[in-house]
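Which chain is which? They are A, B and C, in the order written, and residues in each are numbered from 1.
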Amino acid sequence: MAAMKNDRPTSIVDKSEKRFTACLAISAIIIVVLLLAVFFTLLVTSIPAIKAFGIGFLYSKDWNPALEKFGALPFLVGTLLTSFLGLLLSIPFSIGISVFLGEYCKEGPISTFLRSAIEVLAGIPSVIYGLWGLFLLMPIIRSLETMIGVAPHGVGIFTSALILAIMVIPFSASIGREVITLVPSDLKEAAYSLGATRFEVIKNVVIPYARSGIIAGILLALGRAIGETMAVTMLIGNSNFLPTSLFSPANTMASVIANEFAEATGTTASSLIFVGLVLFLVTTLVNIVGNFIIKKISIESSREVG
Amino acid sequence: MEGHVRGRIIKDTIFKSLVMCLSFVAILPLLLILYYITKNGIAVINWEFLTTLPRPIGEAGGGIYNAIVGTIQLIILSSIFSIPVGIAAGIYLSERKEGKLSELVRLCVVVLQGTPSIVIGIVAYLWIVAPFQSFSALSGGIALSIMMLPVIIKTTEETLKLIPYHLKEASLALGVPYHRTILKVVLPAGLTNILTGILLSVARITGETAPLLFTAFGNQFMNYNIFKPIDSLPYRIFYYAMSPYPEWHTFAWGASFILVVMVLGLNLTARGLASKWKVQF
Amino acid sequence: MESTILRVEGFSAFFGAHQILKEVNLSTSNNLVTALMGPSGCGKTTLIRCINRMHELIPGGKVSGNIFLKEKNVYEMEPIILRRQIGMVFQKPNPFPTMSIYDNVIAGYKLNGIKRSKSDMDSIVEESLKNAALWNEVKDALHRKGTFLSGGQQQRLCIARALAMNPEILLLDEPTSALDPRSTAQIEELIVELKKTTTMLLVTHNIAQAARVSDYTAFIYLGEIIEFGPTDKMFTVPKDKRTEEYLTGKFG
């Protein structure tokens, strides 16, 4: 074989060419470096707390800046309770919307209205949910609490979970709608031709087929709920004790940082950053798994179409 | 037999009504939120509210001028940091569809997008506020730009991937160098979509509060120095909402109205842009 | 006066480990249309993409051998300088969607940053569009987007864009395969008309088209030139059995 002829002499144009491709590559590298820098910044600055409390930080329930004793259990519990309860409350609604928009009402004015409403809902800043919750949801919860005979704080885990549910519905619903529209129509038609009703088709064909996508949507919503800060900070009651009931004031990982970081120094700051590191790792894990599932689904469905 | 069929049909109808009910109940909060913001917000908004600085509690009047200007300054700052890098990284991803670095960058984009904003706030604090010993507009802008990046990169990548390859070939065959082909043919063809993405990312950060709590902080005065703390609408809403003064609560509603108008305006513009100025191939 | 414009010598092209062209030899003289004909996948498109060095842009694309454009070895030239001297028209019309008709014609100058006075550009645009037989249809809409034109008009716009650079040779890669019969006929008429001033290399899988417009034809099969000669001779008395079988529709 003769010599390959692609290694030709370079020139002036090649120089600006190289500069351009270098710029692109550098920008790409910046993104990687940025993320690594975020991670290592958190890791390095939380080392004092890691050294002082070790793994016990995660299951100790005392958070006492005065005694410089720190344990993150109350916030882990607060985060878990608010986000899972919020998710639980949101699931019927987000699946309802997914099915309605993906099956019953794919186009037309009602569909457009509902879809834009959901987009607007997703776009409203978190602090405004907090404001609304503080002045309208809180009094309602307070009277509810009086009615069932618990301490009427008005703020706390339940209130936060409620606002989280409202906030995450748009995310899981829009992902759910997309995966439901991906269900091949020949599968549905096969079931209809056997005499199934629409409900039976949805229950036995659509939902099973779209299940992993719906779960991915819920996972991504969970990631958002775990990291959600402002609305929860405004509604959770800022208490560093382990919550005793669903109505007690508490703190999540995000809200304790929001409440205390600006004035924190020394070990307190380092402990809060440690909480931030845990928060970062948990949300990253949830997100990667959720996105992995979604990517797999879209590859599979494109393979079936192609 | 007939009863069995009737039962199934009834079930079908019940299910359909249930799904519809759930859908509309889910957007009820939206209607309530918009209603209260409009009702309580418009009541406080007047020319003075929009054009004067906040006054200490006890003094009547005052406004949120510094917060509006501060939010705009933060948007400009974060756009300056994020748009060039974001578009360049997006071009990189669309040009190198495969490759280790591309895969890694895509993973980083996913992780960055899912990173809680409060965590980004901490990092911006450690990078800028701590060394400079002062809250600053700069640190807030950096924090927000990190939040804008994933959206810009993703839209740029996805938009450019959809630009037909034969367009690039047409330019290359005319002897146009690669970088000019990208900058003058491929990028312009995708420009409206990329702009839409940028506007959506701006809409997203306009309402962000958490990353500003210990970066831009807040400032009851007007500030144009990027090394000093700066006010912003979301911060002002938070500050007023958490205060014990009813008068400030009404101000929070007013500021919320302005913020929602800004965010929805950006969203609408973005969508209008996408549908009106679509490039035909 | 006849002179050789393009000479291909012992030329091979590869895609990864796969060899697409095997030791191809070909030459073409000024103001002639040479058709490259053969079944799909035979390497005819690859051959013209090697002439303006577009083949090497695809990852894995490699070549060996020599191609001379007016006795200058194209593989020793700067690709972007070379491509400015060679016009190319693609299978699918590809006007630039963000540019007006006027800007599309002058795109080779604008995108390359070659400065010309307004009156020079005006005359280049007018002349190129006239040569592409499009002037009368678009002269009142020069500042509208090129994408509003019909498919056939778009393809003629692309020809005008290539002609505007005053190329030594025009490469046409199945220029009518995406067009309806009427537009196809118009393009073929245009090619015959352009022959007076331009050397062309036409890739086609349409035997009748090769017969209608070309002076010389090369039949390519599995990466090799099986037969090359005057079109009328090849179509009446093919030398090679494979050529005869292809022309009579036995395969392809």
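Note that in this section a contact is a pair of C-beta atoms (placed from the backbone, for glycine too) under 8 Å apart; a residue touches a chain by one contact, two chains touch by 3 or more.
Just so we're clear, the structure is a prediction, and the values are computed from it rather than from any experiment.
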Busiest interface, counted in C-beta pairs: A-B
Chain closest to the assembly centre - both centres taken as Cα means: B
Furthest chain, CA centroid comparison against subunit C: A
Mean-CA-position distance for subunit C and subunit B (Å): 48
Rounded Å distance between subunit A and subunit C, as computed from the means of their C-alpha atoms: 54
Centroid distance [mean C-alpha coordinates] between subunit B and subunit A, Å: 16
Sites on subunit A at which at least two other chains make contact: 13
Junction residues of subunit B, two or more chains touched: 177
Per-residue multi-chain contacts in subunit C, two or more chains: 79-80
Parts of subunit C lying in touch with subunit B, wherever the complex brings them together: 52, 54, 57, 79-88, 90-92, 94-98, 107-108, 111-113, 145, 147, 158, 161-162, 165
Subunit B residues within the subunit A interface of the complex: 8-9, 11-12, 15-16, 18-27, 29-30, 32-34, 36-37, 84-86, 88-89, 91-93, 95, 101-102, 104-105, 107-123, 125-127, 146, 149, 153, 177-179, 182, 203-204, 206-210, 213-214, 217, 234, 237-238, 241-242, 249, 252-253, 256, 259-260, 263-264, 267
Residue ranges of subunit B touching subunit C (in the complex, touch as defined): 164, 166-167, 169-177, 180-181, 184-185, 188-189, 191, 279-281
Contact footprint of subunit B on subunit A as seen in their complex: 13, 16-17, 19-21, 23-32, 34-35, 37-38, 41-42, 45, 92-97, 99-101, 104, 114, 117-121, 123-132, 134-136, 166, 169, 173, 197-200, 202, 220, 223-224, 226-230, 233-234, 254, 257-258, 261-262, 272-273, 276, 279-280, 283-284, 286-288, 291
